[in-house]
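Shared between the two complexes below is subunit A, which pairs with subunit B and subunit C, respectively.
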Partner chain A sequence: MIKNSLSRLFRGQRSFFLMVPALVWQILFLCIPLVVIFILSFLKVQDNVTLSYSLSHYASFFKPQYLKIIFRSLLLGSINTLICLLIGYPLAYYLVFRVGRWKNTLLFLLILPFWTNLLVLAYAWFFVLDKYGLFNNSLMSLGVISEPLTLLNTPFSVYLVMIYCYLPFMVLPIYSILEKLDKRLIEASDDLGARWWESFWRVIFPLSMSGIQTGVFLVFVQSFGEFVIPELLGGGKTFYVGTLISHYFLVSRNPFAGAAFTCFSVLFLIAVAYMLYRMFKKVNSTGGVR
Partner chain B sequence: MPNIKLENITKSYKDEVIVHNFNLTIPSGKFFALLGPSGSGKTTLLRLIAGFEKPDKGDIYLGDKRITDEPINERRVNTVFQHYALFPHLNVFDNVAYGLTVKKIPKDAIEKKVMKMLKVVGLEKHRNKSISQLSGGQQQRVALARAIVNEPQVLLLDEPLAALDLKLRERMLIELIDLQDQLGTTFVYVTHDQFEALTVADYMAIMNTDGEIEQVGTPKEIYEFPVSSFVAEFVGTTNIMKGTIEKSGDTYVLKTEKLGSLEIVTPDKKWAVKGAHVLMSLRPEKIEISKKKLDGFSNVLKGTVEAIVYYGRSTQYSVRVKNGSLVHVFEQNDEHFPKETIDYDDTVYLHWQKNNVVLLKK
Partner chain C sequence: MRGISRYALPLFTLCIYVFLYVPIVVLILFSFNRSAYPYTWGGFSLHWYRELFQSTDLLHALYNSLIVACVSMVLSILLAVLFVFFRPKNKFNNLLPLFYGGLAAPEVVLAVGLLTLFYFLMVPLGLTTIIAGHTLVGLGYTIPIIQSRFEELDTRYTEASMDLGASQFQTLWRVIVPLLYPALIASGLLVFIVSLDDFVIAFFTSGAATQTLPMYIFSMIRSGATPVVNALSVFLLVISSLVVMMFSWLQISKADMV
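Coming up: the complex of A and B.
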């Protein structure tokens, strides 16, 4: 009885009710904070006491040193994305088509870092990249180098750990698309006389474009705002978008400027993301590579 | 056009043997149907011919050429897949052009060939449509065109009509026959549907669940003169009766339990000696059913009507005879007002001629 009347009540709106938890989450932890940040970005402390509306934060960002930081983050995001794609696609392909029965084990190993806190992961790399860490020690004992290399606190270490941490975000969406791909299409392509690389470029690659798209967005958007890795492994010497924002909030205690810089940099992110989106749309509509 | 020869083919997956020491010659330029229940290994055979699988043992010949180790993309064999396997990211034209494109044929030649092919299958107006915009029957035609445009020596069709509804399937069968006639390519058609196989095939082979060939022949031979009870029962409907040979010669006499002696005229069977235990197959449409005993038939049985199924053009009666077995009879509904109506529990006589029975070993 109760079950019946409940299902009658929810009929037609079931999908809506299923969405409620996610919706509440989104509103509480995404929409409201965004609005708050947006409002804060127009506030300014005057005479150390009163708050007033002002656009002065925004105006101050149109200076080379700020634009350089944004450019540096865009570069970090782009290169990280590109390298993740170049490593991640073959990896996903290999997992789906070549490994056979070890597939699940390898996939598990790939996901494993996900379960560890990012901070812990970053610190773990300290021991590897330290002056007398695993990397230098092994190279020296092998006689490849005589003096330890400076690896920590360099762009190299930032990029290395970024790639390490973001690789699964690229591999997993591509993997799931390749896994679902109808293998009979590959057989059909072979049957029609294509060699394996032709089947790859003409069938597999174009049909995995949506996985690539998801992976690129996941990696690019996240790595643009990343602050833990540049902060810890870059030695805090060079500012990226993420590190500067955290600096405003946590060090110089100027949340209003921090909020303004957040909104300012998001504009660049949206612009680039839109360009990427257009690019993918064009590639998809022409049926991929020909 | 070369024929296909499968010689002593053995193929197993993991520990399961699919076909063992399999031999078959598929005549060139004919419409050949491979008919068998699911799990009989017919799709495996098709995949072996196409090159998707390699046999564990044995050889495959296309004409005089041994193609056992030839890679898929070099065989002049094309496949029409069960679910078409059309490329969803390419439009109709590019799907059909695919095989020619990878062979690096000049663009204008491709254009010409593909358009000609699209005209043959009646899709020239849909050349720029995407696959998802097509109906099932149209997709089927694209799949056909995509394979045939490569001018294969053999076209393999793996249950190509399974996804279509009955009316469309009947029409596509006729189109396939016409197409094969026009092209003269060897068609190998795999199906579990005996109606499809009987309709399209010039020759057909019946496979059993052990992956063995039971019989090869024309559809008419297979239907009228099955060599085993498996074939008789798998192709069409039949009545099987057990008995012992009482007399051989021009007319065989079969002694059955409780039904007395039945007369059979059949082409000479060497194994049907006196005393041999055999089966006889009698097709339901070859039986005349009536409430009165009719004259002029060599065999008559008495029974009670137990079930009646009305099919429209015909009616199936299931009649319980004296030894307890059920005999099925098809009666054409050739009159609006039949002279005699047969109802449940009516006592009826079943009549047939002795030359309409087939004698079977097993």
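Coming up: the complex of A and C.
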């Protein structure tokens, strides 16, 4: 009988249960942990023994030093996203529309850093930005400066390497949208007498909005929570959201406050992401920039 | 106005590529540096490469990373194929966004969540817990890629196979999997490289005793890097280049690599 029902299970159309493992994985390792973090954020240890419900963690975050960290991360995310977009869009445009023979090579060279270990990329910058690194050495031998500049362990080095590491995340989604774009639309626009920048601004740009959207969200969300680059290139002196969260969990071993700070900062992230989402929706519904 | 697109854009692109490659080229050059002092050139030498492959800590970290990357890759492909193939047609479409969650949330939040979960379930931290996290992220790559290729397949392949008496598993294994081959390899490679590169999830969920390659690099950079790290970095660069070349070789649209 078992054999019978098993064979019915496998031969009929009823093996839907095999789609379940992937779902279970996602629920167990994504949804449940998020719920656990959320619950933890309302708990507090009393006298080292009992747990009690408390909002005190949240209340304590409404202090300038915590808000400052969140705004520092929001600023890092926004500026990084903006610069990546300003650099990345022309680059993607150029690769799709203007490069002939070298397209595959240039694309390969763009993808390679994207697929290279983030730590390796960050580490490579030490050679450029160090007190006796390439940048200072070349400037000094050119006589522009007489004393080496301090570039490492400053916000400047954090921003620079962030842009460096996140640029491909912006370029590739835009590239793939532009690549799929129906070239006849541009020809039509050109034939009807539009200048190239009119074709760009009124045809290409609005149609590439979904690629921009993907790139903006990818870069913004990940750079908001970035942990490695501020830690390595910021000298660990300045806290960002990612570094503070890891500090709570790994250094001061206070998962309750850590969970609360995670939820608190994610609220800001969601608020900004929602604003961005509304903005994109508005731009899309009005048919792009006019 | 034409001048902008004729001269300014190429020049701009050139600058970006210089920006992208100057650090990498300098890093490669200095990996062949004889001098132990990191930023002064002391002549050509392969010394650091020799030292690299003699360091047992490093080889151990490399071994851990490769195990995690391979297992995560296989699991992500396997779970994704099962999900895509056995999902009733046009049903449960609203479940798909669930798989983007691992890509949409900040990595540090995922990592902290996993750490807390394992802590409460009293799961000992180690390679298994890293694999759990990497497969979670990996499914975010494999499911959309395999799903979209699966949808492009003619459903008559499946119908014909089933009509001719093949079971669902035979159909999956002998008809669908061969047809999906490029998508499986592409998404698998993506998971492999993402897993090999990941630092944050591994850092949080590995426990004190286990170290992966990115963690090894991180601790070395922090404790004052020796040029061995340069040699290791070049080694990793070579691996990435090989994987990207495999992609081109497989004739997969590069735009899909995002």
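Note that the second predicted complex is superposed on the first by the 264 of 290 C-alpha atoms of A that agree within 3 Å, B and C clash if a C-alpha of one lies under 4 Å from a C-alpha of the other, contacts with A are read in each partner's own complex, and residues count from 1 in each chain.
The rule we apply is simple: contacts are C-beta pairs under 8 Å (C-beta built on N, C-alpha and C of every residue); 3 or more make two chains touch, one makes a residue touch a chain.
Quick caveat: nothing in here was measured; it's all calculated off a predicted structure.
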Given the alignment on subunit A, is it a clash or a fit between subunit B and subunit C?
fit
Pick one for A:172: touches subunit B only (first), subunit C only (second), both, or neither.
second
Rounded to the nearest 10 degrees, the Cα-centre angle subunit B-subunit A-subunit C in the superposed arrangement comes to 80
Answer with first, second, both or neither: which of subunit B and subunit C does A:271 touch in the superposed model?
neither
Could you look at A:26 and tell me whether it touches subunit B, subunit C, both or neither (first, second, both, neither)?
second
Between subunit B (first) and subunit C (second), which, if any, makes contact with A:67: first, second, both or neither?
neither
So, A:82: does it touch subunit B (first), subunit C (second), both, or neither?
neither
Larger contact residue set on subunit A - subunit B or subunit C
C
Pick one for A:91: touches subunit B only (first), subunit C only (second), both, or neither.
second
With the two complexes superposed on chain A, say which partner A:195 touches: subunit B (first), subunit C (second), both, or neither.
both
After lining up the shared chain so the two structures overlap, which partner does A:185 touch, if you call subunit B first and subunit C second: first, second, both or neither?
first
Can you report the least C-alpha distance between subunit B and subunit C in the superposed arrangement, rounded to whole Å?
13
Common interface residues of subunit A with subunit B and subunit C?
195
Footprint of subunit A on subunit B - complex, ascending
50-52, 72-74, 77-79, 81, 83, 85-91, 94, 98-99, 101-103, 146-147, 150
Mind pulling up the subunit A residues that touch subunit B in the complex?
182, 184-185, 187-195, 198, 202-203, 206-207, 287-288
Which part of subunit C faces subunit A closely enough to touch in the complex?
1-2, 4-5, 9-10, 12-13, 16-17, 19-24, 26-27, 30, 38-40, 79-80, 82-83, 85-88, 92, 95, 98-99, 101-102, 104-110, 112-117, 119-120, 132-133, 135-136, 139, 143, 167-169, 193, 196-197, 199-200, 203-204, 213-214, 217-218, 221-222, 225, 229, 233, 236-237, 240-241, 243-245, 248, 254-258
In their shared complex, at which residues does subunit A touch subunit C?
10-11, 15-19, 21-23, 25-34, 36-37, 40, 87, 90-91, 93-95, 98, 104, 106-128, 130, 132-134, 164, 167, 169, 172-173, 175-176, 179-180, 195-197, 214, 217, 221-222, 224-228, 232, 241-242, 245-246, 249-250, 255, 258-259, 262, 266, 269
